[in-house]
Amino acid sequence: MPHKKIGEKTMKKIGIADTTFARYDMAKDAIDEIKKSSTGIKILRITVPGIKDLPVACKKLVEEEGCDICMAFGMPGPDPKDKVTAQVASQGIVTAQLLSNTHILEVFVHEDEAKGKELIELCKKRAREHAQNLIRMLFRPEQMTKRAGTGQREGFEDAGPLK
Amino acid sequence: MPHKKIGEKTMKKIGIADTTFARYDMAKDAIDEIKKSSTGIKILRITVPGIKDLPVACKKLVEEEGCDICMAFGMPGPDPKDKVTAQVASQGIVTAQLLSNTHILEVFVHEDEAKGKELIELCKKRAREHAQNLIRMLFRPEQMTKRAGTGQREGFEDAGPLK
Amino acid sequence: MPHKKIGEKTMKKIGIADTTFARYDMAKDAIDEIKKSSTGIKILRITVPGIKDLPVACKKLVEEEGCDICMAFGMPGPDPKDKVTAQVASQGIVTAQLLSNTHILEVFVHEDEAKGKELIELCKKRAREHAQNLIRMLFRPEQMTKRAGTGQREGFEDAGPLK
Amino acid sequence: MPHKKIGEKTMKKIGIADTTFARYDMAKDAIDEIKKSSTGIKILRITVPGIKDLPVACKKLVEEEGCDICMAFGMPGPDPKDKVTAQVASQGIVTAQLLSNTHILEVFVHEDEAKGKELIELCKKRAREHAQNLIRMLFRPEQMTKRAGTGQREGFEDAGPLK
Amino acid sequence: MPHKKIGEKTMKKIGIADTTFARYDMAKDAIDEIKKSSTGIKILRITVPGIKDLPVACKKLVEEEGCDICMAFGMPGPDPKDKVTAQVASQGIVTAQLLSNTHILEVFVHEDEAKGKELIELCKKRAREHAQNLIRMLFRPEQMTKRAGTGQREGFEDAGPLK
């Protein structure tokens, strides 16, 4: 595994994997959000054809490029076949995490979650809100625990805690 | 793997992973229940965005933090997409256990198992009853075997043995 | 892995894992059947909350306790959610076997396979007939091959060979 | 892993795993077909209760007995529960191959693929045609590639290439 | 792992796995496309019976033959049983990638995606367009990222970016 230390300080590396299949470039928004939220971070990005190519892309970013955490962006289609593809990809992303002991945030927007402009807005917001999750997980994990059980919904209005 | 012995005695470490997606903070109840039931225990907690992030969170608690057993709390939503997510997360939690040879109790409450106040009560009771399971598994495994085949239902009235 | 030899002889160890969720204690019948069928066997038993906890329980019986073969008893409920749980548990039991190169006989009775007294009878017979399978697999594998393709149905009347 | 060389020559070992659940002894036909097609082959056979026991049976034939390739015979029943069992077993057979870097040909006949005498004929033909696949894969892989994309259907009339 | 260097230069090896079950020889088109697009490449091809045999075939091409990347071609049938087979095969291909840290492009055409001549055209185009993806991934990964989020659809008209 490559060296991560620069002098006394640790430079965190974030891996970004996305697809040419997706119809919106969510990675761009996430990268912008990450750069606004933090300094001293290196971002590595790789683009693959479809969501089933994401698990190994992320595992290589961790094991060959030394990334500390990854985001995997995808946009599954609306057909039953696409839903199976999404399940296979998700299971692969979970396995990739287990084999590398590293978090990979799956940021999928299903094409049938919304329509037109609303779908674009959903992509932007989900990408940015998960980028904020990633920053919290890397640097301020106690802020994640403050939000435990509060019904967060990345990209949509939060469901909020049960009442 | 970190050292777990303190002098002659073994301090048990319990890992707790939960999510910001859930709409109730089950971990809080479980931690309270554990502290009431036992002493000499250290609890480590990590909060992740959603249930698919739980498997690696638990595996890291075991392999990097030395936890002897974990609990994974989550609240899958009611949609078909959420049901697939729950299956993927569950399979990942099983795999995490197999790769670390460590028990991880999955404590999921599906949002459609009950409504309103009843759902909150279910969360509380399931969290606490699984915390009691964990204490038995760690310290009094023979009490688990006494209950074998008795139709326990954490959070609901027990189904009881067949008659 | 612990020593299994006693003097010149090999004492076989059988692992039994079962649940508090199940509504009948199948392990008791299986243990009785094993003891009637064979001597010089050591049985180790562990009880966990639900069927998703069985895979790692069995893998630990093999890898930490030196068991030569295991049985995993469970009683999945009748709801769609329970059917998914059963699939996840089964896949985990298969993976546990692959990672430990050891057979684990899955002995599940679904709660909707029969009703009332008939369900109890099914539990008893399936547990005992799979205990007999285990004894054959351990000591008389050629008797398994004699039965190949004969339509055995543990707990029910055999389907028999095609005609 | 056991030695496979006899003098200067390599004796190939074929592993056969089948079940007592199946209602026809397909392994018998496959073994006959293999013996007619090739010499200098050693066949090892193991019989297990059901199809979920096949993955580890094959992995043990490879890793503990030195088999170069395996066949896994099974006959899933017609119920929804049986279909899930078949999926779990198939996924396990794929994983067994990946963990041992060895081909395992899954030869399943679903009980609802045909009826009566027709089902028996299907079993015989599928077993024999997959035995021929195995011989080609072991000794004449270029003959497999000649048949690439030709719509072979083991046990049924071939679908043939698209027109 | 075999040596890949020839003098100072690295010769890339591409693995191709396909099936006799498929009704069109997609590998032939892909190989033609690869040869037109690049020089200094070695192609290794293996043909197996069905899509569930593809994962280990590709893993062996990587781990035993030194391939840098693979393509897995298959044509799942139209029945529910075939859809399950496709899911199992896909999950296996994802796992094969994770265990070998190597990309395997799954190029499946479902028999019910189109009819007659249209289905043949779909096979040809998908095979060639994925061959182009492979060349980009190997030699010009920055061109993949240029296409990120643009709604590419191999074999069909591209969906294009959301508007």
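When the chains are written out, they are named A, B, C, D and E in that same order, and each has its own residue count from 1.
Please note the rule applied: a residue touches a chain if its C-beta (ideal position, glycine included) is under 8 Å from a C-beta of that chain, and two chains touch if they have at least 3 such contacts.
Worth saying up front: this structure is predicted, and the values here are computed from it rather than measured.
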Discussion item. Taking the mean of the C-alpha atoms as each chain's centre, how many Å separate chain C from chain E?
Written reply: 41
Fill in: Distance between the centres, which are taken as Cα means, of chain D and chain C, whole angstrom
25
Response to the item:
Flagged in chain D as touching 2+ other chains are 87, 91, 95, 99
Practice prompt. Name the shape of the chain contact graph, picking from line, ring, star, complete and other.
Written response: ring
Discussion item. Output the ring sequence of chains, start chain A, direction chain E.
Written reply: A, E, D, C, B
Discussion item. Residue numbers of chain E touching chain A in their complex, please.
Written reply: 83, 86-87, 90-91, 93-95, 97-99, 101-106, 110, 130, 133, 137, 141, 144-145, 147-154, 159-163
Worksheet, complete the sentence: Per the touch rule, the chain B residues reaching chain A in their complex are 18-28, 45-49, 52-53, 55-57, 59-60, 63-64, 81, 84-85, 87-89, 91-92, 95-96, 99, 116, 119-120, 123
